[in-house]
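So, here come the structures, one by one.
Each of the two complexes below includes chain A, the first together with chain B, the second together with chain C.
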Partner chain A sequence: MASPASSTRRRALVLMRDPPHAGIRPRERLDLILMALAFELEVSVAFVGAGVLQLLPRSGPGDPLPDSGAALGSLELYGVSGIYADAEALCAYGIEVDALRVPATALETEELAALLHRQDLLL
Partner chain B sequence: MKRILHLIHRDPLAAGDLAACRRVCRPGDGVLLSGAAVSAALAGPNSEALEPGITWYVLSSDLALYGLGARILQKTVDSVDYPGFVDLVCEYDLCQSW
Partner chain C sequence: MLLEYAMRASKLAIMVCCAPEARAGARSALEFTAAALARGCAVTRVFFYHDAVATGLATAVVPADEFDPRERWRELAAATGLDLVLCVGAAQRRGILDSALAADAEHPSTLAPGFRIAGLGAWLDAVLEADRVIRFEG
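So, the complex of A and B:
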(Lines of atoms letter the chains of each structure in order from A and count residues from 1; the text may use other names and numbers.)
(Lines give C-alpha, C1' and ligand atoms only; values in the text may rest on other atoms or scores of the structure.)
Protein backbone atom coordinates (compact mmCIF):
# COMPACT_ATOMS: atom_id res chain seq x y z
CA MET A 1 0.00 0.00 0.00
CA ALA A 2 0.99 3.66 -0.18
CA SER A 3 4.28 4.41 1.51
CA PRO A 4 4.71 7.44 3.80
CA ALA A 5 6.50 9.25 0.99
CA SER A 6 3.55 8.77 -1.32
CA SER A 7 2.29 12.33 -0.96
CA THR A 8 5.31 13.63 -2.84
CA ARG A 9 5.01 11.10 -5.65
CA ARG A 10 3.09 11.84 -8.81
CA ARG A 11 -0.25 10.11 -8.98
CA ALA A 12 -1.01 8.00 -12.03
CA LEU A 13 -4.17 6.12 -12.88
CA VAL A 14 -4.35 3.22 -15.30
CA LEU A 15 -7.79 2.51 -16.70
CA MET A 16 -8.52 -1.13 -17.52
CA ARG A 17 -11.41 -1.19 -19.98
CA ASP A 18 -10.92 -4.41 -21.91
CA PRO A 19 -12.56 -7.71 -21.10
CA PRO A 20 -10.27 -10.69 -20.52
CA HIS A 21 -9.02 -12.34 -23.72
CA ALA A 22 -9.18 -9.03 -25.62
CA GLY A 23 -6.01 -9.94 -27.49
CA ILE A 24 -2.85 -8.73 -25.85
CA ARG A 25 -4.36 -5.50 -24.55
CA PRO A 26 -5.10 -6.56 -20.97
CA ARG A 27 -1.55 -7.87 -20.73
CA GLU A 28 -0.14 -4.67 -22.21
CA ARG A 29 -2.03 -2.63 -19.64
CA LEU A 30 -0.57 -4.82 -16.91
CA ASP A 31 2.90 -4.10 -18.30
CA LEU A 32 2.04 -0.41 -18.20
CA ILE A 33 1.14 -0.65 -14.51
CA LEU A 34 4.44 -2.35 -13.67
CA MET A 35 6.35 0.18 -15.76
CA ALA A 36 4.65 3.10 -14.01
CA LEU A 37 5.58 1.54 -10.65
CA ALA A 38 9.19 1.24 -11.81
CA PHE A 39 9.15 5.01 -12.40
CA GLU A 40 8.08 5.44 -8.77
CA LEU A 41 4.69 6.86 -9.59
CA GLU A 42 1.89 6.36 -7.09
CA VAL A 43 -0.19 4.06 -9.25
CA SER A 44 -3.88 3.30 -8.95
CA VAL A 45 -5.80 1.00 -11.23
CA ALA A 46 -9.46 1.36 -12.13
CA PHE A 47 -11.40 -1.41 -13.85
CA VAL A 48 -14.26 0.17 -15.78
CA GLY A 49 -16.90 -1.12 -18.18
CA ALA A 50 -16.12 -4.60 -19.48
CA GLY A 51 -12.76 -4.30 -17.70
CA VAL A 52 -14.43 -5.42 -14.45
CA LEU A 53 -14.67 -8.92 -15.97
CA GLN A 54 -10.89 -9.16 -15.58
CA LEU A 55 -11.47 -9.17 -11.84
CA LEU A 56 -13.48 -12.38 -11.86
CA PRO A 57 -11.69 -15.54 -10.84
CA ARG A 58 -11.72 -17.70 -13.90
CA SER A 59 -11.38 -20.87 -15.45
CA GLY A 60 -11.14 -24.43 -14.98
CA PRO A 61 -9.24 -27.06 -16.83
CA GLY A 62 -11.23 -26.24 -20.00
CA ASP A 63 -9.81 -22.74 -20.35
CA PRO A 64 -7.70 -22.82 -23.50
CA LEU A 65 -5.92 -19.56 -22.88
CA PRO A 66 -3.37 -18.60 -20.26
CA ASP A 67 -4.95 -16.58 -17.48
CA SER A 68 -3.11 -13.27 -17.58
CA GLY A 69 -5.48 -12.02 -14.91
CA ALA A 70 -3.77 -14.23 -12.33
CA ALA A 71 -1.05 -11.58 -12.20
CA LEU A 72 -3.61 -9.05 -10.98
CA GLY A 73 -3.46 -10.74 -7.59
CA SER A 74 0.09 -9.51 -7.15
CA LEU A 75 -0.63 -5.84 -7.88
CA GLU A 76 -0.80 -4.94 -4.21
CA LEU A 77 2.45 -6.79 -3.64
CA TYR A 78 4.11 -4.58 -6.25
CA GLY A 79 2.88 -1.46 -4.48
CA VAL A 80 -0.21 -0.40 -6.40
CA SER A 81 -1.86 2.07 -4.06
CA GLY A 82 -5.48 1.57 -5.03
CA ILE A 83 -7.56 -0.92 -6.98
CA TYR A 84 -10.99 0.32 -7.99
CA ALA A 85 -13.94 -1.21 -9.80
CA ASP A 86 -16.73 0.55 -11.66
CA ALA A 87 -19.84 0.00 -9.50
CA GLU A 88 -22.20 0.59 -12.42
CA ALA A 89 -20.46 -2.09 -14.51
CA LEU A 90 -20.37 -4.53 -11.58
CA CYS A 91 -24.11 -4.04 -11.22
CA ALA A 92 -24.69 -4.41 -14.99
CA TYR A 93 -22.81 -7.72 -15.01
CA GLY A 94 -24.39 -8.86 -11.75
CA ILE A 95 -21.05 -9.17 -9.98
CA GLU A 96 -20.72 -8.87 -6.20
CA VAL A 97 -17.63 -7.07 -4.91
CA ASP A 98 -16.73 -10.03 -2.69
CA ALA A 99 -16.71 -12.30 -5.75
CA LEU A 100 -13.69 -10.47 -7.16
CA ARG A 101 -10.31 -12.13 -7.10
CA VAL A 102 -8.63 -8.91 -6.04
CA PRO A 103 -9.85 -6.74 -3.17
CA ALA A 104 -11.16 -3.75 -5.12
CA THR A 105 -13.08 -0.70 -3.95
CA ALA A 106 -16.31 -0.17 -5.89
CA LEU A 107 -16.72 3.41 -7.10
CA GLU A 108 -19.90 5.10 -8.27
CA THR A 109 -19.64 7.12 -11.49
CA GLU A 110 -19.23 10.42 -9.63
CA GLU A 111 -16.38 9.01 -7.51
CA LEU A 112 -14.77 7.56 -10.63
CA ALA A 113 -14.88 10.97 -12.33
CA ALA A 114 -13.34 12.58 -9.24
CA LEU A 115 -10.60 9.92 -9.19
CA LEU A 116 -9.64 10.74 -12.80
CA HIS A 117 -9.64 14.47 -12.17
CA ARG A 118 -7.23 14.34 -9.22
CA GLN A 119 -4.43 12.45 -10.97
CA ASP A 120 -1.14 13.85 -12.24
CA LEU A 121 -1.06 11.37 -15.10
CA LEU A 122 -3.65 9.24 -16.88
CA LEU A 123 -2.28 6.13 -18.54
CA MET B 1 -10.51 20.32 -10.25
CA LYS B 2 -8.04 19.47 -12.99
CA ARG B 3 -9.14 19.73 -16.59
CA ILE B 4 -8.86 16.63 -18.74
CA LEU B 5 -8.56 16.52 -22.52
CA HIS B 6 -10.26 13.28 -23.58
CA LEU B 7 -8.99 11.81 -26.84
CA ILE B 8 -11.38 9.62 -28.80
CA HIS B 9 -10.42 8.01 -32.07
CA ARG B 10 -12.66 4.98 -32.59
CA ASP B 11 -16.06 4.97 -34.25
CA PRO B 12 -18.60 5.99 -31.61
CA LEU B 13 -21.18 3.63 -33.07
CA ALA B 14 -18.90 0.58 -32.93
CA ALA B 15 -16.84 1.24 -29.79
CA GLY B 16 -18.13 2.39 -26.44
CA ASP B 17 -15.37 4.97 -25.98
CA LEU B 18 -17.52 8.08 -26.32
CA ALA B 19 -20.14 6.76 -23.90
CA ALA B 20 -17.44 5.71 -21.41
CA CYS B 21 -15.79 9.11 -21.70
CA ARG B 22 -19.05 10.98 -21.19
CA ARG B 23 -19.64 9.24 -17.86
CA VAL B 24 -16.55 10.79 -16.32
CA CYS B 25 -16.35 14.01 -18.33
CA ARG B 26 -16.96 17.08 -16.19
CA PRO B 27 -17.41 20.79 -16.96
CA GLY B 28 -14.05 22.31 -17.89
CA ASP B 29 -12.95 19.16 -19.71
CA GLY B 30 -12.44 18.95 -23.48
CA VAL B 31 -13.08 16.12 -25.91
CA LEU B 32 -11.03 15.84 -29.07
CA LEU B 33 -12.52 13.65 -31.79
CA SER B 34 -10.09 12.19 -34.31
CA GLY B 35 -9.96 9.22 -36.66
CA ALA B 36 -13.25 7.38 -37.01
CA ALA B 37 -14.67 9.34 -34.07
CA VAL B 38 -14.98 12.52 -36.16
CA SER B 39 -18.48 11.41 -37.17
CA ALA B 40 -19.71 12.35 -33.69
CA ALA B 41 -18.98 15.99 -34.48
CA LEU B 42 -21.43 16.17 -37.39
CA ALA B 43 -24.77 17.92 -37.23
CA GLY B 44 -27.66 15.78 -38.40
CA PRO B 45 -30.80 13.95 -37.37
CA ASN B 46 -28.78 11.27 -35.55
CA SER B 47 -26.36 13.61 -33.87
CA GLU B 48 -26.32 13.38 -30.12
CA ALA B 49 -26.51 16.54 -28.08
CA LEU B 50 -23.07 17.47 -26.81
CA GLU B 51 -22.96 18.37 -23.14
CA PRO B 52 -22.63 22.04 -22.25
CA GLY B 53 -19.62 23.04 -20.17
CA ILE B 54 -17.45 20.63 -22.11
CA THR B 55 -15.47 21.90 -25.08
CA TRP B 56 -15.65 19.72 -28.16
CA TYR B 57 -12.93 19.64 -30.79
CA VAL B 58 -12.57 17.74 -34.03
CA LEU B 59 -9.38 17.15 -35.98
CA SER B 60 -9.99 18.84 -39.33
CA SER B 61 -7.56 16.69 -41.33
CA ASP B 62 -9.38 13.53 -40.20
CA LEU B 63 -12.73 15.00 -41.23
CA ALA B 64 -11.26 15.42 -44.71
CA LEU B 65 -9.71 11.95 -44.58
CA TYR B 66 -13.11 10.39 -43.92
CA GLY B 67 -14.73 12.40 -46.71
CA LEU B 68 -16.67 14.48 -44.20
CA GLY B 69 -14.80 17.76 -44.70
CA ALA B 70 -17.74 19.46 -46.41
CA ARG B 71 -20.32 18.37 -43.82
CA ILE B 72 -21.75 20.75 -41.29
CA LEU B 73 -20.44 20.38 -37.77
CA GLN B 74 -22.52 20.74 -34.65
CA LYS B 75 -22.45 24.35 -33.55
CA THR B 76 -20.52 23.63 -30.37
CA VAL B 77 -17.61 21.82 -32.02
CA ASP B 78 -14.33 23.60 -32.74
CA SER B 79 -12.27 22.40 -35.68
CA VAL B 80 -8.53 22.11 -34.95
CA ASP B 81 -5.48 21.18 -37.02
CA TYR B 82 -2.44 19.25 -35.76
CA PRO B 83 -0.64 22.29 -34.30
CA GLY B 84 -3.94 23.12 -32.58
CA PHE B 85 -4.03 19.55 -31.23
CA VAL B 86 -0.57 20.04 -29.71
CA ASP B 87 -1.65 23.35 -28.17
CA LEU B 88 -4.65 21.65 -26.57
CA VAL B 89 -2.49 18.91 -25.07
CA CYS B 90 -0.37 21.64 -23.45
CA GLU B 91 -3.38 23.65 -22.36
CA TYR B 92 -5.17 20.93 -20.40
CA ASP B 93 -3.82 19.46 -17.15
CA LEU B 94 -4.29 15.82 -18.17
CA CYS B 95 -4.93 13.73 -21.26
CA GLN B 96 -6.94 10.53 -21.35
CA SER B 97 -6.83 8.38 -24.48
CA TRP B 98 -9.94 6.25 -24.68
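So, the complex of A and C:
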Protein backbone atom coordinates (compact mmCIF):
# COMPACT_ATOMS: atom_id res chain seq x y z
CA MET A 1 0.00 0.00 0.00
CA ALA A 2 1.61 3.25 -1.10
CA SER A 3 1.34 6.10 1.36
CA PRO A 4 2.16 9.69 0.32
CA ALA A 5 5.47 9.41 2.19
CA SER A 6 6.42 6.19 0.43
CA SER A 7 6.37 7.83 -3.00
CA THR A 8 9.48 9.83 -2.06
CA ARG A 9 11.37 6.84 -0.71
CA ARG A 10 14.26 5.61 -2.82
CA ARG A 11 13.53 2.38 -4.63
CA ALA A 12 16.04 -0.41 -4.15
CA LEU A 13 16.11 -3.85 -5.69
CA VAL A 14 18.03 -6.74 -4.20
CA LEU A 15 18.93 -9.42 -6.74
CA MET A 16 19.04 -12.99 -5.42
CA ARG A 17 21.01 -15.00 -7.94
CA ASP A 18 22.64 -17.70 -5.82
CA PRO A 19 21.25 -21.22 -5.54
CA PRO A 20 20.19 -22.28 -2.02
CA HIS A 21 23.23 -24.54 -1.68
CA ALA A 22 25.63 -21.63 -2.24
CA GLY A 23 26.71 -21.74 1.39
CA ILE A 24 26.10 -18.69 3.51
CA ARG A 25 25.65 -16.35 0.58
CA PRO A 26 21.85 -16.46 0.24
CA ARG A 27 21.54 -15.79 3.96
CA GLU A 28 23.92 -12.85 3.75
CA ARG A 29 21.83 -11.41 0.91
CA LEU A 30 18.81 -11.72 3.19
CA ASP A 31 20.66 -9.63 5.80
CA LEU A 32 21.13 -6.98 3.11
CA ILE A 33 17.38 -6.93 2.42
CA LEU A 34 16.59 -6.45 6.10
CA MET A 35 19.17 -3.68 6.45
CA ALA A 36 17.81 -1.88 3.36
CA LEU A 37 14.35 -2.02 4.98
CA ALA A 38 15.81 -0.62 8.20
CA PHE A 39 17.06 2.33 6.13
CA GLU A 40 13.45 2.89 5.02
CA LEU A 41 14.14 2.20 1.38
CA GLU A 42 11.30 0.87 -0.77
CA VAL A 43 12.75 -2.61 -1.23
CA SER A 44 11.89 -5.17 -3.90
CA VAL A 45 13.53 -8.55 -4.26
CA ALA A 46 14.07 -10.40 -7.54
CA PHE A 47 15.12 -14.04 -7.69
CA VAL A 48 16.98 -14.56 -10.96
CA GLY A 49 18.86 -17.42 -12.59
CA ALA A 50 19.70 -20.20 -10.13
CA GLY A 51 18.38 -17.90 -7.39
CA VAL A 52 14.83 -19.06 -8.19
CA LEU A 53 15.75 -22.38 -6.56
CA GLN A 54 15.69 -20.56 -3.22
CA LEU A 55 11.94 -20.28 -3.68
CA LEU A 56 11.43 -24.04 -3.62
CA PRO A 57 10.67 -25.89 -0.39
CA ARG A 58 13.86 -27.41 0.95
CA SER A 59 14.27 -31.00 -0.14
CA GLY A 60 16.49 -33.55 1.52
CA PRO A 61 19.18 -33.32 4.17
CA GLY A 62 22.77 -32.30 3.64
CA ASP A 63 22.80 -28.57 4.14
CA PRO A 64 24.14 -27.86 7.62
CA LEU A 65 23.00 -24.25 7.57
CA PRO A 66 19.64 -23.32 9.02
CA ASP A 67 16.91 -23.00 6.41
CA SER A 68 16.28 -19.37 5.57
CA GLY A 69 12.89 -20.25 4.10
CA ALA A 70 10.98 -18.95 7.10
CA ALA A 71 12.61 -15.57 6.72
CA LEU A 72 11.99 -15.58 2.95
CA GLY A 73 8.32 -16.34 3.66
CA SER A 74 8.13 -13.31 5.93
CA LEU A 75 9.59 -10.81 3.47
CA GLU A 76 6.22 -9.21 2.82
CA LEU A 77 5.59 -9.01 6.55
CA TYR A 78 8.89 -7.17 6.95
CA GLY A 79 7.68 -4.61 4.42
CA VAL A 80 9.25 -5.74 1.15
CA SER A 81 7.14 -4.11 -1.54
CA GLY A 82 7.53 -6.73 -4.26
CA ILE A 83 8.88 -10.25 -4.69
CA TYR A 84 9.67 -11.29 -8.25
CA ALA A 85 10.93 -14.43 -9.94
CA ASP A 86 12.66 -14.77 -13.28
CA ALA A 87 10.08 -16.56 -15.48
CA GLU A 88 12.70 -17.82 -17.90
CA ALA A 89 14.67 -19.45 -15.06
CA LEU A 90 11.50 -20.98 -13.58
CA CYS A 91 10.78 -22.46 -16.99
CA ALA A 92 14.35 -23.70 -17.43
CA TYR A 93 14.20 -25.50 -14.07
CA GLY A 94 10.67 -26.80 -14.74
CA ILE A 95 9.22 -24.99 -11.71
CA GLU A 96 5.55 -24.00 -11.57
CA VAL A 97 4.74 -20.73 -9.78
CA ASP A 98 2.29 -22.68 -7.59
CA ALA A 99 5.17 -24.76 -6.23
CA LEU A 100 6.99 -21.75 -4.76
CA ARG A 101 7.04 -21.38 -0.99
CA VAL A 102 7.01 -17.61 -1.29
CA PRO A 103 4.31 -15.83 -3.28
CA ALA A 104 6.42 -14.33 -6.07
CA THR A 105 5.34 -12.65 -9.29
CA ALA A 106 6.92 -14.26 -12.35
CA LEU A 107 8.41 -11.71 -14.75
CA GLU A 108 9.55 -12.23 -18.32
CA THR A 109 12.99 -10.94 -19.26
CA GLU A 110 11.69 -7.63 -20.66
CA GLU A 111 9.58 -7.08 -17.54
CA LEU A 112 12.62 -7.77 -15.35
CA ALA A 113 14.59 -5.25 -17.37
CA ALA A 114 11.83 -2.69 -16.85
CA LEU A 115 11.82 -3.45 -13.10
CA LEU A 116 15.58 -2.84 -12.94
CA HIS A 117 15.18 0.46 -14.79
CA ARG A 118 12.57 1.68 -12.30
CA GLN A 119 15.02 1.41 -9.39
CA ASP A 120 17.11 4.12 -7.81
CA LEU A 121 19.49 1.53 -6.38
CA LEU A 122 20.49 -2.03 -7.22
CA LEU A 123 21.87 -3.70 -4.13
CA MET B 1 34.09 0.54 -20.37
CA LEU B 2 32.96 0.13 -16.75
CA LEU B 3 35.26 2.98 -15.82
CA GLU B 4 33.76 5.24 -18.49
CA TYR B 5 30.30 4.42 -17.17
CA ALA B 6 31.30 5.00 -13.57
CA MET B 7 33.09 8.26 -14.36
CA ARG B 8 29.77 9.84 -15.24
CA ALA B 9 29.21 9.87 -11.47
CA SER B 10 31.29 11.85 -9.05
CA LYS B 11 30.84 9.65 -6.00
CA LEU B 12 31.04 5.88 -6.05
CA ALA B 13 30.21 3.27 -3.44
CA ILE B 14 32.08 0.05 -4.19
CA MET B 15 31.13 -3.40 -2.96
CA VAL B 16 33.55 -6.30 -3.37
CA CYS B 17 31.99 -9.76 -3.08
CA CYS B 18 34.71 -12.00 -4.55
CA ALA B 19 37.19 -13.90 -2.41
CA PRO B 20 40.78 -12.60 -2.46
CA GLU B 21 41.96 -15.84 -4.04
CA ALA B 22 39.50 -15.28 -6.92
CA ARG B 23 42.33 -13.42 -8.61
CA ALA B 24 40.60 -11.86 -11.59
CA GLY B 25 37.67 -10.43 -9.62
CA ALA B 26 39.81 -9.28 -6.72
CA ARG B 27 42.25 -7.63 -9.09
CA SER B 28 39.50 -5.95 -11.14
CA ALA B 29 37.96 -4.44 -7.99
CA LEU B 30 41.28 -3.06 -6.82
CA GLU B 31 42.43 -1.73 -10.17
CA PHE B 32 39.04 -0.19 -10.91
CA THR B 33 39.05 1.62 -7.57
CA ALA B 34 42.62 2.86 -8.06
CA ALA B 35 41.78 4.09 -11.58
CA ALA B 36 38.59 5.84 -10.44
CA LEU B 37 40.47 7.64 -7.65
CA ALA B 38 43.27 8.59 -10.04
CA ARG B 39 40.70 10.22 -12.32
CA GLY B 40 39.35 12.32 -9.48
CA CYS B 41 36.31 10.27 -8.57
CA ALA B 42 35.37 10.15 -4.89
CA VAL B 43 34.81 6.73 -3.35
CA THR B 44 32.49 6.94 -0.36
CA ARG B 45 33.54 3.51 0.89
CA VAL B 46 34.79 0.11 -0.25
CA PHE B 47 32.68 -2.51 1.45
CA PHE B 48 33.82 -6.14 1.49
CA TYR B 49 30.96 -8.61 1.73
CA HIS B 50 30.50 -12.39 1.42
CA ASP B 51 33.83 -14.21 0.85
CA ALA B 52 35.56 -10.91 0.05
CA VAL B 53 35.90 -10.17 3.79
CA ALA B 54 38.86 -12.60 3.78
CA THR B 55 40.76 -9.82 1.97
CA GLY B 56 41.25 -8.28 5.42
CA LEU B 57 42.44 -11.46 7.14
CA ALA B 58 45.84 -10.69 8.69
CA THR B 59 46.89 -14.32 9.06
CA ALA B 60 46.46 -15.32 5.40
CA VAL B 61 49.81 -16.00 3.76
CA VAL B 62 50.07 -15.22 0.05
CA PRO B 63 53.02 -16.70 -1.89
CA ALA B 64 55.52 -13.99 -2.77
CA ASP B 65 55.03 -14.32 -6.53
CA GLU B 66 51.23 -13.96 -6.38
CA PHE B 67 48.95 -10.93 -6.49
CA ASP B 68 48.24 -9.91 -2.90
CA PRO B 69 44.95 -7.99 -2.70
CA ARG B 70 45.28 -7.34 1.06
CA GLU B 71 48.60 -5.55 0.66
CA ARG B 72 47.53 -3.67 -2.46
CA TRP B 73 44.32 -2.41 -0.80
CA ARG B 74 46.29 -1.38 2.27
CA GLU B 75 48.74 0.62 0.11
CA LEU B 76 45.90 2.27 -1.79
CA ALA B 77 44.10 3.19 1.44
CA ALA B 78 47.33 4.57 2.94
CA ALA B 79 47.90 6.72 -0.15
CA THR B 80 44.33 7.98 -0.60
CA GLY B 81 42.53 7.72 2.75
CA LEU B 82 40.12 5.18 1.29
CA ASP B 83 37.75 3.66 3.85
CA LEU B 84 38.04 -0.15 3.66
CA VAL B 85 35.26 -1.85 5.60
CA LEU B 86 34.59 -5.55 6.17
CA CYS B 87 31.01 -6.60 6.94
CA VAL B 88 30.92 -7.61 10.59
CA GLY B 89 28.61 -10.62 10.22
CA ALA B 90 30.50 -12.03 7.26
CA ALA B 91 33.86 -11.35 8.93
CA GLN B 92 32.98 -13.02 12.23
CA ARG B 93 31.85 -16.17 10.47
CA ARG B 94 35.18 -16.36 8.70
CA GLY B 95 37.36 -15.68 11.72
CA ILE B 96 38.28 -12.08 10.95
CA LEU B 97 38.08 -10.20 14.23
CA ASP B 98 39.11 -6.67 15.19
CA SER B 99 40.36 -6.03 18.70
CA ALA B 100 36.86 -5.55 20.17
CA LEU B 101 35.43 -8.70 18.55
CA ALA B 102 38.58 -10.61 19.46
CA ALA B 103 38.25 -9.60 23.11
CA ASP B 104 34.64 -10.84 23.16
CA ALA B 105 35.63 -14.12 21.52
CA GLU B 106 38.79 -14.48 23.65
CA HIS B 107 40.96 -14.81 20.56
CA PRO B 108 43.74 -12.66 19.16
CA SER B 109 42.71 -10.06 16.57
CA THR B 110 43.04 -11.22 12.97
CA LEU B 111 42.20 -7.95 11.21
CA ALA B 112 44.84 -6.70 8.78
CA PRO B 113 46.04 -3.07 9.05
CA GLY B 114 44.22 -0.63 6.80
CA PHE B 115 40.83 -2.33 7.21
CA ARG B 116 38.06 -1.86 9.72
CA ILE B 117 34.95 -3.88 10.57
CA ALA B 118 31.42 -2.42 10.60
CA GLY B 119 27.82 -3.43 10.00
CA LEU B 120 25.80 -3.46 6.80
CA GLY B 121 24.50 -0.06 7.86
CA ALA B 122 27.92 1.34 6.91
CA TRP B 123 27.31 0.01 3.40
CA LEU B 124 23.84 1.56 3.16
CA ASP B 125 25.25 4.89 4.40
CA ALA B 126 27.90 4.75 1.67
CA VAL B 127 25.26 3.86 -0.96
CA LEU B 128 22.97 6.71 0.01
CA GLU B 129 25.83 9.18 -0.13
CA ALA B 130 27.04 7.95 -3.54
CA ASP B 131 25.75 8.68 -7.05
CA ARG B 132 26.52 5.21 -8.27
CA VAL B 133 27.06 1.74 -6.83
CA ILE B 134 29.59 -0.62 -8.37
CA ARG B 135 29.64 -4.25 -7.26
CA PHE B 136 32.35 -6.80 -8.06
CA GLU B 137 30.85 -10.25 -7.84
CA GLY B 138 33.92 -12.14 -9.10
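Everything below uses one rule, namely that the second predicted complex is superposed on the first by the 112 of 123 C-alpha atoms of A that agree within 3 Å, B and C clash if a C-alpha of one lies under 4 Å from a C-alpha of the other, contacts with A are read in each partner's own complex, and residues count from 1 in each chain.
Here is the rule we use: a contact is a pair of C-beta atoms (placed from the backbone, for glycine too) under 8 Å apart; a residue touches a chain by one contact, two chains touch by 3 or more.
Since we're looking at a predicted model, the values are computed, not measured.
Model built by superposing both complexes on chain A: chain B and chain C clash. After overlaying the two complexes on the shared chain, residue contacts for A:Gly49 are found with chain B alone; chain C is out of touch.
By the touch criterion defined above, A:Leu32 reaches chain C but does not reach chain B. Residue contacts after overlaying the shared chain place A:Ala113 against chain B, while chain C stays out of touching range.
Once chain A of one complex is fitted onto chain A of the other, the partner contacts of A:Gly79 are absent, as it touches neither chain B nor chain C.
In the superposition on chain A, no contact is made by A:Pro19 with either chain B or chain C. Once chain A of one complex is fitted onto chain A of the other, the partner contacts of A:Leu122 extend to both chain B and chain C. On chain A, the patch touched by chain B and the patch touched by chain C overlap at residues 121-122. Contact residues on chain C toward chain A in their complex (touch as defined above): 49-50, 87, 89-90, 93, 119-121, 123-124, 127-128, 133, 135. Touching chain A in their complex are the following residues of chain B: 1-2, 4, 16, 20, 23-26, 94-96, 98. Contacts from chain A toward chain C in the complex involve residues 10, 24-25, 28, 31-32, 35-36, 38-39, 41, 121-123. Per the touch definition, chain A reaches chain B in the complex via residues 15, 17, 48-49, 88, 109, 112-114, 116-122.
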